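The following pair of complexes shares a single chain, chain A, combined with chain B in the former and chain C in the latter.
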Partner chain A sequence: MSWHVSPEMATSYRVGELAGARAASVEAHVMACELCRTLLRPSDTVALERLAMIWDGVEDQVDQPRITFIERLLIFCRVPADEARLLASAPSLQLSWLVALLSVVGGTSLLSQQADRFTLVFVVLAPMLQVVSVAAAYGPHLDPTYELTRSTPYPTTRLLMLRTVAVLAVSLLLTAAAALTLTDEWAAVAWLLPSLALVSVTLLLAKWIDLNLAGSVVCVAYLFAVTSALFNDATVRSIFGGPVQLAAIAVTLVCGLVLFGPNAERAQIRRRS
Partner chain B sequence: MGTVSADPRSDSALVDALVEGDRQALAELYGRHAPWLLLRLTRRCADAGIVDEVVQDTFVAVWRSAKKYNGQGEVAAWIWGIGIRRMVDALRRRPREYISTTVGHPDVALSAEEQVLLGVEYGDLAGALDRLSPELRAVVQATVLDGLTTGEAAKLLGIPQGTVKSRMKRARGQLREELA
Partner chain C sequence: MSQGVNVTELSKRFARTQALDGVTFRVGDGVTGLLGPNGAGKTTLLRILATVLAPDSGEVQMLGLSPADVRERQQIRRRLGYLPQDPGFQRGFSVFDFIDYVAILKEMSNRKQRRDEVRRVIELVDLTSVSGKRIRALSGGMRRRTALAAALLGDPDFLVLDEPTAGLDPEQRLRFRELVSLAGEGRAVVLSTHQTEDVAALCRDVVVLHQGRIQFQGSPSELTNYAAGKVWFAEQRDPRANLAWRTGDGRYRNLGDPPAGVEAVDPTLEDGYLLLVGLAAEELAA
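Here is the complex of A and B:
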C-alpha cells in the first residue's frame, strides 16, 4: 500500500479533530497496517494510565470463573446472581449430570417402544432418579463447593431447599418430557407421585442423617420393595396402582407437614463434620 | 505496554497462543490493539466510562473466544468486529448518541496539497461522503465503515431495520450520482 497515515494525521485523529472521510480512511487503513497502528499508540501518561487501568480490569475478569449456562439461565429467570452461583454449583445441576439423567430416562423411554418391560423399568427408575438428584444436590461427597458453602454465612436449610427446588424442577421436567413418549398413559404419570413421596422422605431423613446417606437409604429401601414385587410378573399397573398412589400422596403430605408445618422445628439439616 | 515490544510473534500466532491459555500473548495483543480500539470507539461514543468498559469486555471476549478466530483476515478486523458489537450492546443498555465520525467538524481548511492527495486517493468520494445528510452518513458509517449488519445498525441508531435499508439505498443513490 502506497498510502500511509502521516504523523500529523495520526495526531489530529488521536485528539478527535480529524473528521469526515479522512478519519474513516485512517480507521480503514490501520486495520491492515501494523506500522500505522503504532502511530496511534498514546505517549501521554494520562492515556497510558487509562489503558493500564482497563488492562487490570481485563486480567481481573479473565481470572474469574466463567458463568455457566445454568447460572445464566437462573439469572435470566431473575434469580439474584449470588444465589444463582450457589444453585448452579449443585452437583446435580451440572451439565454432565443432566446429560446422564437425560440419557437414562431418554434411553429407557426409547427402549419401551421396543419392549413393554422397559416401560416398567422406566417407571421404577424415575422416582429413584429424582431422589439421587436431590441427594446429590448438597453434601460433602459430591459437592465441590461443600467446604465453601459451609463457611458461607447462609442458612444451610434454605440453601438445601433452594437447591432441591431447582434440581427437582429440572429433573422432573426432563423425566416428564421422556415420560410423554411412553405409549402406556398410566405409566406416563404413575412415576410422579412416588417420586415426590421418596424425595420428601429423603428430605425428612436428612434432618437426622447426612443428605447423601439419606438418599442412599431411601433408594435401597425402595429398590428392595420394588424388586420383591417385580418377581411376581408385575406390570406398571399392579405395582404403581391406585393404593400406591394414594399412599404416596399421604407420605408426601405427612413429610411436608413435619418439614414445613407450623410445628416444624427449626432444626438445621445435619451436616457431617 | 505502550512501548514497542520485542515479541516477534505475529498477531495470528498470538491468537493461537491464547487458545493454549498464554496470558502473555493476551498482554501483547492488548498492547498492540487496545490503543487504536480505544480511539476508534471514543469517536463512536463520548462517554469514556462506556468506552473503557467496552474495551475491557472486548479483550475478555478475545481471550475467551480465541478458538473462534478462523485465521483468515486481519486480527485487528476481528477485534474490531467484537468491539463494535459490544458497543452496540452497551449502548442498547444505556441508550446514548452514537456519534458518526463524519458528522460534526467538516474539514474547512484543507490545504491544496491535501485536496490533491485525497483526490488522487479517493476521487471525489471523500467530498461526496461528507455531503451526505447526517442521517444518511450515520447509516453508511455503521454498515459500510463499521461493518455492522442492518439489524445491528438499526439497534445502534435506534431506528427500524427498514429505515436503515431505505437510508442506505438513498445514500447509495446519492453517492452514485455525485461520483458519476
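Here is the complex of A and C:
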C-alpha cells in the first residue's frame, strides 16, 4: 500500500470535517487496511456523541409518524404537535367525515338555488350537523381508542373540550362557506346561533350521559321541535326568527355558565359507557 | 414492590343484569388469573380495575389509592397499564403511530424519551420489523401484541390484561407468557382468560368468577385439587357424572362423584375449574 490514513486525517474524518473526495478515499482504503480501520473506530467521546446523534436522527426519520392534512393544519394554527395528534384523531375530523359534511351542506345549498324550500332544509340541517360532528368527536361508540383513553391520565374533559373546539371550528367554517351561496341573507346566518345553543346543550348533557348519546338526544328533540313547523308551510324567518335567536343566545349563555362558570364541576363530566 | 389491589363488596348492575354481586378479593404482587365463563363479569371487573368504569357500590383500593377520588384516580392511571378485551385502533395508524399516540395520552411529553420508550415496548413484544406497517394490514395476533405494547408503556406498577391471549398462536402465546411472567415480578398483574393452560403456566393466584360472584380464590394447585378423586375414565358417558366428554382415544372423561370401584385419575386445572363452575351453575339453577 502506498499510503495510510494519518491520525489527523482520521480525527477529521471522525468529526465529519473531511471533504467528499478525501473522505471517499479514506473509506476505500480502510476497507482493505485493518491498521487504519482501528484509527477510525469511535474511541473518543466526540465521535461517540456524534454517532449517537446520527443514529437518533436516522431513528427519528424512520419512525416519523404519518401526519395527516388536518394535523398539519392544526400545527400551522400553532397547536402543539402532541395535542394536534390527539385532536386530529377525532372521528369527526377525519377526511371522510369532512367530505360527507361538505357534500350535505354543499349539496343542500346548491339545491336551494333551484327551489326555495331547500333554503329552509339547509337552515334546519345546519345546527344538527354541528351537534352530530361534536357528538362524534369523542365517545364510546365512534372513537376506537375511547376505552384505552379512559384508562390514561390525560384529562378526559380537556380532550373533550379541545376536540369540540377543533371540530366546531372546522365544521362551522365548512357550513358557513356553503351558506354564503344562499340568496336569502337571513338564512345564511340564521343557523349559527341555534347551532351554538344545541352544541352547548349537548355538552351540558354529557355531564350525565356519554357524548354520543347526548348528541342523539339533542338531535331527536330538535327534529321533533322543527318537524311540525316544516309541515305548516313555514319559512326560515318564521322558524328561526328573532325570538328563536334570542332564546339561542340565552341557552348558550346558561349552558356556558354551568359548564365553565365559577361553580362548574368540570372534572365531574361523566364518561359512561 | 407494589401495594396490590383490594376489592371489597363490589357490585355493578347494567339495566336488568347484575354483572358483579358483592365481589371481594385481594391481588398481591405476581400474576393473578381471572377465570370464568362468558358473562361471568370478568370484563366488568377489569374495566373497574382499569378505572374506566365506576362501581355502583363497594370499595376498590389500588396501589394504596382510591379510584373514587379524582386526584387519586389520576395517580393510579399514571401507574396503570390496560389491555382492553377489544382494543380499537385509529384508522391509518402504524404500530409506531398508535403506541406513540397512547404514550402522548400517558403524559410522556419529552419527544426523545417518548420515542425511545415506544421503541423499547415494540421490541419487547417483538414487533420491531413491522413497526412502520399500518395496523389494519397486520394479523389479529400482531394487533393484540401492539395493544399489549401500549399497555406496557412506562413500565406500569399495575397491569390489567383482558383476554390477552385471544387470537394468539401457540408460539406467540409462549412468548406472551414469558413477557407476562417477567412483568409480574414486583408488580401486580391481573389477567382474564378462558385458557386454563395460561393460568397453570403463569399465575400465582386464581380467582374464579361465575354470574358476578366469586366462586373460588386460591392457587392453581388448590383449584386443581378441587377435582382430586373426582375424575375417572369410562367406556361410556357415566350418568352419575356432572360433566363428561369423549376424548381422543374414544373413552369418556367423567367429572363428579365417582361410583365405587372406579380408579380416579390425576385431575388437571381445567377439571377443577369445570367442576367448580358446573356445580355453581347447578346450585344457582336449584
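Annotations
Heads up, the rule we're going with is that the second predicted complex is superposed on the first by the 204 of 273 C-alpha atoms of A that agree within 3 Å, B and C clash if a C-alpha of one lies under 4 Å from a C-alpha of the other, contacts with A are read in each partner's own complex, and residues count from 1 in each chain.
In this text, a contact is a pair of C-beta atoms (placed from the backbone, for glycine too) under 8 Å apart; a residue touches a chain by one contact, two chains touch by 3 or more.
Quick caveat, the model's predicted, so the values are computed rather than measured.
Contacts of A:V62 after superposition: both chain B and chain C are touched. Taking chain A as the reference chain, the count of touched residues is higher for B when chain B and chain C are set side by side.
In the superposed pair of complexes, A:D82 makes contact with chain C only, with no contact to chain B. Counting contacts by the rule stated earlier, residues 59, 62, 66 of chain A appear in both its interface with chain B and its interface with chain C.
Per the touch definition, chain A reaches chain B in the complex via residues 3, 13-14, 16-17, 19-25, 27-28, 30-32, 34, 37-38, 40-42, 47-48, 50-55, 57-59, 61-62, 66.
By the touch criterion stated above, chain B contacts chain A in their complex at residues 1-2, 4, 23, 26-27, 30, 32-36, 38-40, 42-43, 48, 52, 55-56, 59-60, 63-64, 74, 76-77, 80, 101-102, 104-107, 118, 121-122, 125-127, 129-130, 141, 145. Those residues of chain C lying in contact with chain A across their complex are 47, 50-53, 70, 74, 77-78, 80, 82, 84, 86-94, 96-97, 100-102, 104-107, 109, 112, 115, 118-119, 131-132, 147, 150, 160.
Across the complex, chain A meets chain C through its residues 56, 59-60, 62-63, 65-66, 68, 82, 85-86, 89, 94, 143-155, 267, 273.
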